[in-house]
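Presented sequentially are two complexes of chain A, the first with chain B as partner and the second with chain C.
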Partner chain A sequence: MRWLRVYVGVFFVFLFAPILLVVVFSFNSQRSLQNFEGVSLQWYRAFLENESLRGSLIASLEIAFVTMVVGTVLGTLLAFGLVRARSRWSGSANVLMLVPLVTPEIVAGVSAFLLFTQVGMRLSLVTITLAHITFSISYVTVVVRARLAALNPEVEQAAMDLGATRLDTLRLVVLPALWPAVVAAGLLVFALSFDDFVLSYFTTGESPQPLPVRIWSAIRFGVTPTINAIGTLMLAISALAIVLAIALPRLLGRRESGIGVLLGREGA
Partner chain B sequence: MSEAVRFEGVTKRFGSAAAVKDLNLTVQSGEFFSLLGPSGCGKTTTLRMVAGFEQPTEGQVYLDGDPVATVPPYKRNVNTVFQSYALFEHLDIVGNVAFGLKRRKVAAEEIKTRVAEALELVRLTGRETAKPGELSGGQRQRVALARALVNRPAVLLLDEPLGALDLKLRKEMQVELKAIQREVGITFLYVTHDQEEALAMSDRIAVMNGGVVEQCGSPEEVYEHPVRTFVAGFIGISNLMEGTIEGDGVRLVGGARCTADVPADCGDGTEVHLSVRPEKIWLDEHEAGMVLLEGTVAARVYVGTTTQVIIELSPGAQIVALEQNTHRSHAENRWEIGERVTLGWRPEHSLVLR
Partner chain C sequence: MNAGDRFAGRFLIPGGLWLLAFFAVPFVIVVALSFGTPGELGGALYGWYPENYSRAFDPVFLPVLLRSVGYAVATVALCLALGYPVAYYIARFGGRHKHVLIALVVMPFFVNYLVRTYAMVALLSDEGVVNGVLGLDDPVRFLNNPFAVIGGLVYGYLAFMILPVYAALDRMDPALIEAGKDLYGSDWSTFWHVTWPTTFQGVLAGTVLVFLPAVGDFVAAQLLGGPGTYMIGNLIQQQFFGAENWPFGAALTVLMMAFLFVWMVLYLRSAARASQEATA
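== the complex of A and B ==
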């Protein structure tokens, strides 16, 4: 089993070394991308003082936030529809819903671009957000649907049996059982939207552009340490979303974590 | 006594399969009434029609004399103890038990008293703030019971509530359930496949099979006087022997003739089953007027308080006798295998079944 351990060790080095490099050099006091000379926050300052870059960060956060809220609501509703509505189409609907997850993103990007230009929509933050919501619904639905299907139907019947109307049952029994999955799915979608590049690239307007697209344009004129600072910041924001997904249900007294829900593990 | 639940010609079909066929049954208020039968006999469907989770395809269900076809589950004055307990895992014990009262907009003070009373009734005082996940199976079962009982429903519906418990706990809960029912005086409609459970607790039992009630009566009636072969076979151990009617008795396939009460509609030559309960059979000790048969001891199963003696009457025809291991007899060394024995029972214990 020694080999297995070595393998796992090597795997993690390859996984984290490049990321670690970006993080370390974002704090470099010199311009060099080879030698680390000393700790400084100047590249972060440079980033935040650049109005256009700051605008991109805010744009990315806005897109991710709206995507999270709208995508989570629509995805949760779709999950209900797929689990509850028993018709002869529900089988096909369940499969069709997975299509966005396996569609090559470049295809999704091109088709979104074509659609928006066909209907004469000017490319802007709105078009990016619409594109992001489209794919995020599938993610939310997959996560919430798994949770919903695992819910004991007798629990809902018990609520009705005790005098709860359908709406009461949803509010008092189903949603409390579902919300770790909903929160986890929402934060996952936030992270995905925040660092999405391909779809954003095809649907973005002139300015402000979301951060990943902005970095891409900047890199054409050479990698600067500012890029490292932006990368580190993005990493921190994405990581925060994931940490929240794990921690929120726990902090509020649930014995299961959001990540467990995402990975399909059942809570106690 | 007034009626609590009445089924009038109730049929429930799922697709083309009928789960319940033309059910006519009345449950009196204050009764502990059991629906007993194997899985798939329609007993749970029957219960769910009272709760309102299923609608009859034909016929009508009455609660307190009123038809309830158009009444949704949340407006029916009945509560259910589910097989899975179906507790609300995100609420503590008080939250679970108070759920129904809150929906009925009962005043906060009254909710507090009634929840405390209900928890005392099921002996869970002190566990108010525990979450269901922290409780044992028996405790979860009692929360489910308190959650339903606290609403003082006209009828409490119980769907195999003891099914998930181990044997010892199940026996304890049987006694406890019966005591609680007597104390609160609420009508219990109890679904089970466990005949012993039904016999121990019920005032009356409806034995169901294939969507129909085979027999309905007190535990003594359905055990001592089963009217159908299915009932005799399902409740307790029965010795079912094939034979034909001959005068005031039955000629068994093996050749022996047994005196029995022959139903009026059974003429000579009618093919019937003769049933005798194992504990009614005497081995090597007889009274005048008994039905007597000869046989060979084929096997002996010692089960503690009793010994099952399996006797071969003729090749292929076996009969089980239950001998009490009381102070008068020694369990060991009795009924050696291969020994010839005479077995006998009183004629009134011969049951002729069709």
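== the complex of A and C ==
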């Protein structure tokens, strides 16, 4: 099995090399992307002193935040409905929830673009956010549903036998047990929205545009060190969201790890 | 239907309506406009112009469609060949570091896809790091060819293969492998007759999860390739940003969805079956 270990080692080197390159060269004191001359924060300064880029960073954060809140609420409600209801709409709702997960982003992008232009909406941060919420619902539903399906419905029955209303049961019994999954799903969706390019590209207005759209325009004019700084900062923000998604469920006092909650995606 | 069902059923409404309004309805608009015609002042007008579809099979565009499928198939094959051993190693020999290792696999995929692709440009372009290290008079042309685009796609979607394969391997009872060995199976025949069939569901899931986004990708071909490596995604993107032929772009989108539909249904059905087995 030694060769397998060697292979996995080499694999990880190749997996991380390009990313390390971006991070390391974001601190380069020279323009060069070949030679590392010395440590400097000038590219971060160039990024953050550029008012329009700063506006893009704020726009990306705003979109991700609103997407997280609205997507998590809608997705959690939908998950509860799908697991606990045997309505004649359940099947259709289930398909409607799953299809966005396997639809190539460009299809979702074209659809959203044509919808907004046909109903005469001006493309802006609002249209981007609407598009992001749409795909985030499915992610949240899948993660939360896996957790919900593992709960024992008899506990809810017991609560109601003891006189709790359905809403009380939901608030006092189901929701506390669901929190880890809800939090993990919300942070996952935050990271996905913050990183998203294709949907944003199709639904963005003129200004401010989210960061990935700005990166796209910039890359096509060639490689510049400022992009390294932007990329590294985005990496840090997504990584923070993901680390929280993994760590918070633990801190909330559950034994299962956040990554298990997120991987529930596979089992669902 | 009892009261509990009705109570829970109401929770389907907000999310269901949202998905209907912002996912299903827009796709209907795409289909409708794919039979339309470009407006005089840009945009699109409804109508009956099925030639939008026949146009996609013009000798100009057909190679692009075939290329997209070819690149996507190559991407899936490479992801499987590169990813399966990694998933296997982590699931079988990861021990208590399993979670850390699988987190390490996932981590790069939360670096923005554009930035990751751009990192490949920075590494491999004529003025890139690798050519700087090599220091040849004539830089090695790594980019602007199909290999670069497929490499970018693999780097972009590898995690979608590794995760489901890992999940399948992790679920598998290691005693099965021991049993294969006890029955004098060699390492290879044990793998082929025991491990591979047991984890095939995971491989299938990974295949579809890589294939679907790879077919529709336009970033890799744009940044790592050139006009000679353009895929259907690039063609669609051009119709909306540049060529301004929205109906043709819509027709290409519908064609792609129709082609991918079989795979989507296949995946969703197997996922539904897996979740039933998990809860049963």
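The rule is simple: the second predicted complex is superposed on the first by the 260 of 268 C-alpha atoms of A that agree within 3 Å, B and C clash if a C-alpha of one lies under 4 Å from a C-alpha of the other, contacts with A are read in each partner's own complex, and residues count from 1 in each chain.
Note that a residue touches a chain if its C-beta (ideal position, glycine included) is under 8 Å from a C-beta of that chain, and two chains touch if they have at least 3 such contacts.
Just so we're clear, the structure is a prediction, and the values are computed from it rather than from any experiment.
Judged by the touch definition given at the top, the superposed model places A:Val173 against chain B, while chain C stays out of reach. Taking chain B and chain C in turn and counting the residues of chain A each one touches, the greater count comes from C.
In the superposition on chain A, A:Leu162 makes contact with chain B only, not with chain C. Of the two partner chains, neither chain B nor chain C is touched by A:Arg2.
Shared interface residues of chain A, touching chain B in one complex and chain C in the other, are 268. Listed in rising order, the residues of chain A touching chain C in the complex are 1, 4-5, 7-8, 11-12, 15-19, 21-22, 25, 33-35, 74-75, 77-78, 80-87, 89-90, 92-93, 95-100, 102-108, 110-115, 117-118, 130-131, 133-134, 137-138, 141, 149, 166, 191, 195, 197-198, 202, 212, 215-216, 219-220, 223, 227-228, 230-231, 234-235, 238-239, 242, 246, 257, 259-260, 263, 265-268.
Residues 152, 154-155, 157-165, 168, 172-173, 176-177, 254-255, 268 of chain A are the ones touching chain B in the complex. Chain B meets chain A in the complex at residues 51-53, 72-75, 78-80, 82-84, 86-90, 99-100, 103-104, 133, 147-148, 151.
On the side of chain C, the complex with chain A involves touching residues 1, 4-16, 18-20, 22-27, 29-30, 33, 43-44, 82, 85-86, 88-90, 93, 99, 102-108, 110-116, 118-123, 125, 127-129, 132, 155, 158, 163-164, 167, 205, 208-209, 212-213, 215-219, 222-223, 233, 236-237, 240, 246, 249-250, 253, 256-257, 260, 263-264, 267-268, 271, 274-275, 278-279.
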